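Below, chain A partners chain B and then partners chain C, in two separate complexes.
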Partner chain A sequence: MRQTLTRVGAIARKEFTHLGRDPRTLLAVVITPVIQLLLFAWAISFDVQHVPTIVIDLDRTPASQEYLQQYEASPFFDVVARGGDLAAVDEAFDSNTARVAVIVRAGFAEALATGGQGQVAVLVDGSEPTAAKVSQAYAVAINQLHNQAITREWADAQGLDLSSLGTLEPRIRTWSNPERRSSDFLIPGLMVVIIAIVTVQQTAVTLVRERDLGTQEQLEVSPMRRIELMVGKLLPWTLLAFLDVAMITGLGRLMFDVPLRGSFWTLAVGSALFVFASLGMGLLISALAPSLDTANIMAMLIAFLPSFLLSGFAFALDQIPVALQWVSYLFPARFMVSISRGVFLKGADFAQLWPELAALAGYALVMLVVASALYGRRSAR
Partner chain B sequence: MSSRRIRLLIWKEFIQLRRDPLLIRLLLIMPVMQLIMFGYVVAVDIRHLSTAVVDLDHSSLSHKLETSFSGSGYFTITSHPVDEASLRPLLDRGTVTVALVIPEGTEARILRGEVAPIGIIVDGTDSQVSAVASGYASQIVAQFNTDRIEASGVSIAAPGVEAQVRVMFNPSMDPLNTMIPGLIAVILMLSLMAIMSQAVVKERESGTLEQMFVTPIRATEYLIGKITPYALMATAQMLLIAAGGLLWFRVPFNGSVWVVLTGLALFMLTCIGIGLLISLVSRTRHQAQQAMMFLMIPTMVLSGFIFPVQSMPAIIQPLTKLIPLTWALDVLRGAFVKGSSFTALAVPLLALAGFAVVIFGAAIVATRRRISE
Partner chain C sequence: MDAVTTRGLSRRFGEVLAVDSLDLDIAEGAVFGLLGPDGAGKSTLIRMLATVLRPDAGEARVFGHSVTTERERVTPRIGYMSQRFSMYPDLTVEENLAFFATVRGVTRAERRSRSASLLESMGLAEFSHRQAQFLSGGMKQKLMLATTLMHSPDLLLLDEPTTGVDPVSRREFWRILAGLHREGRTVLVATPYMDEAERCTRIAFLSGGSVRQSGTPEEVKARVPGRQLEVSAPDPRAALAALAGVPGVASAHLLGDVVRVLWSPSDDPARLLPLLPEGAGVREIPPDMEAVFAYLAEAAA
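What follows is the complex of A and B.
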């Protein structure tokens, strides 16, 4: 047992020495998460507001101005240009300076005055689909509101009684995150993505590198057992991953006011299990890949993409096809995002999160065992 | 310049590639996986949001309103909590993302001709869902009011506004139609930068760079030989994505092939340039790979590939202009979705040309200097 500890310690020390010689890698492991955190927390939002809008008034009457005033007053549309002819629309759409164009056709006021229908066209640029959907919905709503106002005015003038026709008024409130900041939603998940990138990408190349440099044979003739080698290789990265977890939690709490409602210990246990599972995955890649290039690309394919896209970190998993939902259970990131978000935002603890924790533990164990078995098979050849 | 030497060098690169059959397979699997992931996960349409209805009015009007929500296809009513207080846990647990609260006396107010407020609560954790949900909810309530006025028979004779709301370019508003053109540029960037950043550093690490220099090969020949195989590889990957997008996902192509090819060619030079520059400044392959990851993530996030630039804070938006991918996306999406011509895309194309000249030029000069040292 003591010998085992010595040997594991020796390997860990060796890995630390490698790291110490390569300050750029060390810097990347420490600085990349910070930059990512800042980017995601500040830059990203899916919220659609202030859609740049161009209004074209071909009628130029008080009635048309009153209609267009609805768009000017709406917080959703941001009128950036007012034009007099249709050519301006093409130009604005081509140069992406406007996403919505409202065109009041000539004869608008006259039609209204004679009891007819004033003609309006609202053009929405569909190349940004989310913005287009929301713009379309609000444009329809504005038109209907304006129509109702006109109808009421007319009925009043005609002496008709509309007093039994009240109006429903939607009062939209946003809960959990009233400013619709994305940081509360993204940071707990982002932590998972960053750990996955740092750990898998780094460990994926460690064994391949030993093979490339020819030091693998040296390790094999030493009295070291395979599992000791694996654990020793993992220790330094575990520590670095924990450093990343601490940094992200700290920055998220201090700079972005992400609430930490649940127990810190649940988060720590979850992170530890996830780090081991990811490292195991990295080692597995390392044992499988014949070359560094392959290891890098495999790491990207089975660590980066699934943890980014199939973890629920930014993209809702309940909206994707069922087959892919099943696939998402094959990667540990999904469980960790639930744990992290549960602890941060919902105050969950062991009692609620044990299934995810158990899944991660099982995952970590299987990965490490399979990786050392495969590594053994390869070196026996 | 000798075409024979270049051919031999290209041949050598292909032999090296063949030694690692897994790599080639992975390079072809990569685009397919990305197509599946981005096509089915990122470009997902937001519909059927699980909704809770708190009906405190229990009137025929409140039932009708509920039906208009569930009939729209955007909201799926999954629960009916008894009061507003029991909404909180439902939203907190994520069981529902939207809630509709109809206060007591809503129908009575409406019949008295008053304005009756109703509550629409959206879960703000996912800003995309909350934006879309608020938009649809406003539209449904406005339609509800209009229907009531129409049902009263008043509006038949009344004047009104007839608005045609038309979606241009992408009438189905399918997110795939903008995602797939973007993916073509992204895969080009990912694979070229990943491989080119290793190119020179790999030879240096294994000591074959010196061997290369004692041969009569010249710097330009060396570069052409080094770049060609990987440019071909990246082209194959792009073709796979384009074919998958056009044939499987049925993404429409409205523009000119020449616009797309010009944009991609310029962008390709830029990516090769960035990769070579990384390869030149890195001492080990590991460092080169780190540097690439370091550049890649801000590029993916800030280019507008997944997250719309328009939703970013005003301070960050100018920064996105410094990223070549942003302009490449403008060209590809413009050509695919809007069918934009050379003149309409002059600005992004010129920007890409600028990047290509500066970055690729710098890479060539730096490589030549390194080689002649």
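What follows is the complex of A and C.
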């Protein structure tokens, strides 16, 4: 037992020495997550605000001006241009100066005054679907508000008291992320993607490198067991992965005000299991890959893409094709994204998240056992 | 007991039979040289004895223990130095030594005293804090040898340890091997250098995966029929070309600015003179390993 610890310690220490001598790897592990976090959190925002808007008033009456004033006042729309004819819309859309056009037809004021329908057209540029969808919803909301205002005015003018009229008032609230800020949604998921990249990529190359250096043969003629080698190699990367978790959590809290509503320990246990599962996957790649390049590409394919695309990080899992939903169960990232979002946003703990935690634990165990067995089979040549 | 015994040992790589039912006995305390052309199976044999490669058939024992079923009894007693440099390039001399000794189970106290004395005796002491990647070729090989010696193995398996090393370092390397020999350790060394073969207590000539000749260097030399001639000429290449296909010439090769010829015993060397370019001279010398090697390699081909 003591000898086992000595050998595991020797491997772990050696791995740390490698890291210390290779500033690039260290940078990749410590700086990349920060850069990715900032890039993703700022650049890839699903928040839609300040949509450039062109308004065209063909009616030119106080009523139409009052109506269009609503758009000017909304923080959601930025009125960038006012036009007098419809050709201005095509021009603004083609040159990307506006994404929404609001057009008030001639006769708008007259129609309202005589009990007809005031006609307004809202055109939305669909080349950015998210922005288009949200713009449409906001435009509908503004129109409803304006409708209510007009109704109230009419009622007042007729001397009616609308407060006696029963109306339906839906109150819609978004839970977990009431302001629907995309950084709240992205950062807990991003943490999963970053851990997956760091751990899988680095461990994927580690055993291949021993083979390339020829040092694997020297280790084989020692009494060291394979599992000791694996554990010794996992220790430094586990620590570094935890460093990344801590950094992302800290930056998310401080810079982006991401809430941490749930149990910190659930997150820690979940991260540990996910790190083991990812490291196991890296070792598996390392045991199978014939060269460093292959290992890198396999790591990319197996770690990065599924954790990005099939984890629920970027696309909601119930929105993707059923076949891909099944595929997503083959990768641990989807479980961890659930855990991470659950803890950060929903305040979940062990009681709710145990199925995901159990799945990760099982996954980690299977990966390590299979990697050990396959690495052994290869070295038995 | 013999240090190494193999019976019918075989290993195949795809279509190629690298080692073909090979029988070999190496006595304890020998410095045993493995000779043979590239692809003769020297490395494959050594790697099987080092337990890093599994035989397909036959058996190999090291100090009486099977390399397949009793690995854990074999590995503590062997030191294996592969053909390529196989240390961590970014670790220092000292760190490499300490790491491999630790995983080999050498205690801290032993590690200290042994690494100090090994580094001292190999002239590596002043480089102990240098990263392995910045060592010269000769120093790299000495570092590998020092690493394989840290756990005091009884059998050293050295796969072409001096290939690509300058002559001064080679001589020094063999001085260290001679010291190990005096301590009673067994050394199995594959080498492409015939002058190194002469320094072995026993040699075996491998070709096509099996042993063609074995014995002391003198015995092997004596078994090669013929006498050795040295042909000097203003243009040795022209002389070598002129000798090709001449009856009685068993083999001929260039050595520096002379041509060494293995000559069948019954013929008179003077018969060669008229065939050679102007100004050539012929004299008889005692056969060397180079000639023996060339003869055996050609005989096997």
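In the analysis below, the second predicted complex is superposed on the first by the 246 of 381 C-alpha atoms of A that agree within 3 Å, B and C clash if a C-alpha of one lies under 4 Å from a C-alpha of the other, contacts with A are read in each partner's own complex, and residues count from 1 in each chain.
By our rule, contacts are C-beta pairs under 8 Å (C-beta built on N, C-alpha and C of every residue); 3 or more make two chains touch, one makes a residue touch a chain.
In this text, all values refer to a predicted model and were calculated from it rather than measured experimentally.
*Asks:* Using the superposition on chain A described above, determine whether A:330 touches chain B (first), chain C (second), both, or neither.
*Replies:* Touch partners of A:330: none, neither chain B nor chain C.
*Asks:* Of the two partner chains, chain B (first) and chain C (second), which one does A:148 touch, if any: first, second, both, or neither?
*Replies:* Touch partner of A:148: chain B, not chain C.
*Asks:* May I ask you to name which of chain B and chain C touches more residues of chain A?
*Replies:* Between chain B and chain C, B touches the greater number of residues in chain A.
*Asks:* Figure out whether A:221 sits in contact with chain B (first) or chain C (second), or with both, or with neither.
*Replies:* second
*Asks:* What is the contact status of A:22 with respect to chain B (first) and chain C (second): first, second, both, or neither?
*Replies:* After superposing on A, A:22 lies in contact with both chain B and chain C.
*Asks:* Touch check for A:87: first (chain B), second (chain C), both, or neither?
*Replies:* Once the two structures are laid over each other on A, A:87 reaches no partner at all.
*Asks:* Applying the document's definition of touch, where does A:116 land relative to chain B and chain C: first, second, both, or neither?
*Replies:* Only chain B; A:116 stays clear of chain C.
*Asks:* One more residue to check, A:345. First (chain B), second (chain C), both or neither?
*Replies:* first
*Asks:* Please indicate which partner A:246 is in contact with in the superposed arrangement: first for chain B, second for chain C, both, or neither.
*Replies:* neither
*Asks:* Which positions of chain A sit in both the chain B and the chain C interface?
*Replies:* Chain A residues touching both partners: 22.
*Asks:* Report the residues of chain A in contact with chain C in the complex, numbered from low to high.
*Replies:* Chain A reaches chain C through residues 3, 6-7, 10-11, 14, 17-18, 21-22, 213-215, 217-224, 379-381.
*Asks:* In their shared complex, at which residues does chain B touch chain A?
*Replies:* It is residues 20, 22-23, 26-27, 29-30, 33-34, 36-38, 40-42, 44-47, 65, 88, 91-93, 106, 109-132, 134-139, 141-146, 148-149, 152, 154-155, 157-175, 177-178, 190, 194-195, 198, 284-287, 289-291, 293-294, 297-298, 301-302, 306-308, 310-313, 316, 330, 333-334, 337-338, 340, 344, 347 of chain B that touch chain A.
*Asks:* Which residues, counting only chain A, touch chain B once they are in their complex?
*Replies:* Contact set of chain A toward chain B: 22, 24-25, 28, 32, 35-36, 39-40, 42-49, 51-52, 67, 76, 93-96, 99, 108, 111-148, 150-151, 154-155, 160, 162-182, 184-185, 197, 201, 205, 209, 289-294, 296-298, 300-301, 305-306, 309-310, 314-316, 319-321, 324, 345-346.
*Asks:* Help me check something: in the complex, which residues belonging to chain C touch chain A?
*Replies:* 47, 50-54, 72, 75-76, 78, 80, 82, 84-91, 95, 99-100, 102-105, 131, 147
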